[in-house]
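You will see two complexes here that share chain A, one where it goes with chain B and one where it goes with chain C.
And then the complex of A and B:
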């Protein structure tokens, strides 16, 4: 059994890497400027904000729940940052508090979902509207743009001779941390075990409620980090920040091979899916393909990603006789 | 629990009554809430309870009631459709575009085209969810962007102005029959028809059966794929109706028509007592939920409350309704001696 597990190739991750290179090759035929180091690094900025949200969402999806309020939590974060900036608070004070506020938003979802056992989709759909409404109520309809430079450092600064965006390093650190959390710690195993069978996990002594609330809090906190990056990239805080970006986030998580019913998936897959989506989006931008067509492509990818298990099952059914002959030999 | 002997069976009868009572309570609760809300707004603003204003409320609730009804049909099967707004938008745009480019268009075409388009779009959702075994949220989130994207691509950023669509299309929805707007009558007729279908026809009962206990329905021999597929197709058809009415009401059809309605329709259905965990609730409740949302909207406008409060209240209302739903389910479970996981 162990040797079988060792021989299992991460086919999906390999397919994603191939797709990234294919998308990159396609992009390089569109524009001579595509294959430059500056361009490649700065194009990653496009998916860092949804990427941070996707990392948080992946943790929530690992135990079969969902959080579609994350983009609204980001808006709460940006509006909170604008309040701190207006009050003249330094970023070192504002950032932890904003991350905490967004974490509390996540805890609110988590308590409703885990402790009160409400369906996560309906709850986060409600809080999606409620948080965004809250951001508008707090921040008023007029956007805030007078951020001082310290606030935009994380999202706009380039390090290492002005090549690597600071936010990319933040994303890389976050991705590695979440990968470690999900694949190398007890907490991660507990998340996946809840996703596979919540009853069995509960009988095995997993504190289901605590694990779930912690994951929602983490997802909220990541939305807070994304809010800080947002300020650096766009320099504006308004209640409608990141409106509609949840489609990209969910697409990345599903395309990354996370089972939306929980229990299966890898963080590396999610990170690769983000790179793939970012590359495709960048390429379509170079090819002057309009926003609507990009949305259609994104929707097709999402539908394709979600039909993947059905395809895999059909393939497995086709391959079964061969495999059993293998096992016999 | 561990001893399913005859006494347990004897208790089954009062249990069923209690469940029915709770369900009845759920809709009665919506009506009571609506009355309270109406009285509160009436006290705060004397224009609210005027016949003219109540007619406005009913007209604005009418289209949402149909959309909520569409959403409810899918919710009852324990699924979800977030492409409702996009289906409405695409059906409305294509219909308005057809009417604008074919001067001699007949009313039959104008009614049949959006219904056919809506049913086809709903059937695609149904194929993905029922036969493709895709999770409802993800599949319809995908088609939501697909359908909206198609609308944008087809339209090339153009809108169909009200001057280009036939005059009768716009005036017919504003017509009044015995003082009641035709729009409201159509909505009542549609909701009543769907409610009767779900209540009295075998296929309607199967929609409930699949949603309340998929495993039991399977053991019973129901082909749940077909039922879910049908529910999505019916949802699309109803979205076609809603899209047509919306287009006729606003006159000028833009590509963003009815965007965000997936949220409003879901809010209306959930507030009206349709459970997101399937199998319970009625389309009449969903329509009442739409009326609650329209009342809140109208009241907030009359009270000069900024528009974004609506978003907050709508979201909070969904969470509250879901929580109430869970409390009722918990009470039923406790009274029937069911074990809490």
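And then the complex of A and C:
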């Protein structure tokens, strides 16, 4: 099965690459400001924060669960960072602890979902509110903005002659690491096997509970990482940070070819989907296309992403007779 | 690789050609002004956009009005980033989070772009001036005056704000609370509660219902949110509290017309959003043309269409300050 899957062409990824170039070409006709290296690189900053959340979410979706609390976890991370900054702690101390705190938020989700077998949509809907409330309580009524330069480096610095955002490099490293985890390690294979058939995975000796909790912890930790980028990019820690960004995150994961029921999908697809969404948003934004239109386009892409497996299945049904004829010959 | 370098040079060339006319300056019309509200699609903000476009038409400028369809600060920053890339002469915005928009606006100002805020301010160093619709004090008094029309004998009042981080809502509540303790005119009121509803219609409705249940002697629900105040009026009608509890605060006339006309509510306050948009665009134009310097306290600017002269105050704050009160008799006059 695995070896056969490897020999197949990654049609969806190719389609996404084609779509990215098409969107880029379209954008350059929409706005004369689109096609410049500085602009293209700095525009990627707009989707690095949702991108980090999407990488974590993709791991959770690989076994058929969901986590919509990630944007709230990010807010917990930003207000926690503000507390460390206010106390004068260096970033090297604050960053690991904040990532850990967000990871613990993830573990909390994971225990409720995996150990107590509660539906993940309901659990993370609840924690979405709970974490958001926690962020408001900890962050108090006024936002914190007094971050020193070390805290904002990751989110605001440009490298290589001031062209490439540091956060883009962080995202690339994170994407490659998650790709390796999901497609080159036993852990990743276990995730997908749970997504295909949880009972079979359990009988095969997969520690389903542990695998799931670890994934939620990872997703939470990535939200913590995103919180550090947020501080650099916006310089503002408030309870309402990243509120409402989860639609974009879910869209990227689903459009990237992750089956929302689990078991199928690739991390490269998710990364490509982020670039596609970023390109489209960048182009529409530079052309000053209205917000409602942009949301409609985003929503249509989400529907397209959800319909894709059904479409692929229909295609496969059409092709099957031909394939079996090949096998016979 | 070569391609990329070429693009880079192209980019640098564009940047320089964009900079040249700005250095030459001395233009006094034909400015490119880009404007983004907190979110697009809401009638109030659309009217401010229409007002700004009207000013641009009178003065020979271009106003481009764009933005996301919900109040999300990262989308607003993205919009502003896209604006800066398009090298306008000025940017006008209503800030969602005064600090989060600061880095991109500071960058814009470094590039010589004039930045003006209206409705909700950004951090002071991030903008040239703030066209404030009403000073916080004016707004607080306006809402309490409306409450006095509702219940002249006074009583318990409760507030609905968007969130604990919305600067103007929280400032209004603070001043209203102080006035109810210190000002003889408003001492009849006793603030009992503050709740948050995120400028969301359904949430505001629920919060209003909860307030009426929690405080049986409640007389007036006050909100600076043009979403929450009409929702509270609806909740009062639906829960059978008409005549016992009143809603007031800021609301568009179109949203509260039926409550005023059927007598379930008596008064709401606001200002003319079209004229506010007109004034901020007019002031921006004059700043670009070098005829108005809002950084100087006491600098004045006359806006003929608004029939008024405005004065720059501390920190580049220019108060528009023309409150309106809508009652059963007057609400029919307004078409927004």
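Note that in this section the second predicted complex is superposed on the first by the 309 of 329 C-alpha atoms of A that agree within 3 Å, B and C clash if a C-alpha of one lies under 4 Å from a C-alpha of the other, contacts with A are read in each partner's own complex, and residues count from 1 in each chain.
What we mean here is this: a residue touches a chain if its C-beta (ideal position, glycine included) is under 8 Å from a C-beta of that chain, and two chains touch if they have at least 3 such contacts.
For clarity, every value in this text was computed on a predicted model and none was experimentally measured.
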Clash or fit, chain B versus chain C on superposed chain A: clash
Partner chain in contact with A:127 - chain B first, chain C second, else both or neither: first
Touching partner for A:31 - first (chain B), second (chain C), both, neither: second
Partner chain(s) touched by A:300 [first = chain B, second = chain C, both, neither]: first
First, second, both or neither for A:136, with chain B first and chain C second: both
Which superposed partner A:239 touches (first chain B, second chain C, both, neither): both
Partner chain in contact with A:312 - chain B first, chain C second, else both or neither: neither
First (chain B), second (chain C), both or neither touched by A:145: second
Partner chain in contact with A:285 - chain B first, chain C second, else both or neither: second
Touching partner for A:199 - first (chain B), second (chain C), both, neither: first
Superposition clash, chain B versus chain C, among 153-161, 189-197, 207-215 or 261-269: 153-161
Contacts on chain A seen with chain B and repeated with chain C across the two complexes: 136, 141, 239, 290-292, 295
Contact set on chain A toward chain B in their complex: 66, 68, 112, 116-119, 121-123, 125-134, 136-137, 141, 198-199, 202, 239, 247, 250-251, 254, 260-261, 290-293, 295-296, 298-300, 302-303, 305-307, 309-310
Touching residues (chain side chain A, partner chain C) in the complex: 31, 33, 35-39, 42-43, 45-46, 49, 136, 140-143, 145, 156, 163, 233-236, 238-245, 281-282, 285-286, 288-292, 294-295
Of all residues in chain C, those that touch chain A in their complex: 4, 7-8, 10-11, 14, 34, 39-41, 64, 66-70, 72-75, 77-79, 81-82, 85-87, 97, 99-100, 102-103, 123, 163-165, 170
Residues of chain B touching chain A in the complex: 80, 128, 132-135, 137-139, 141-146, 148-150, 152-153, 263, 266-267, 270, 276-277, 306, 308-319, 322-323, 326, 341
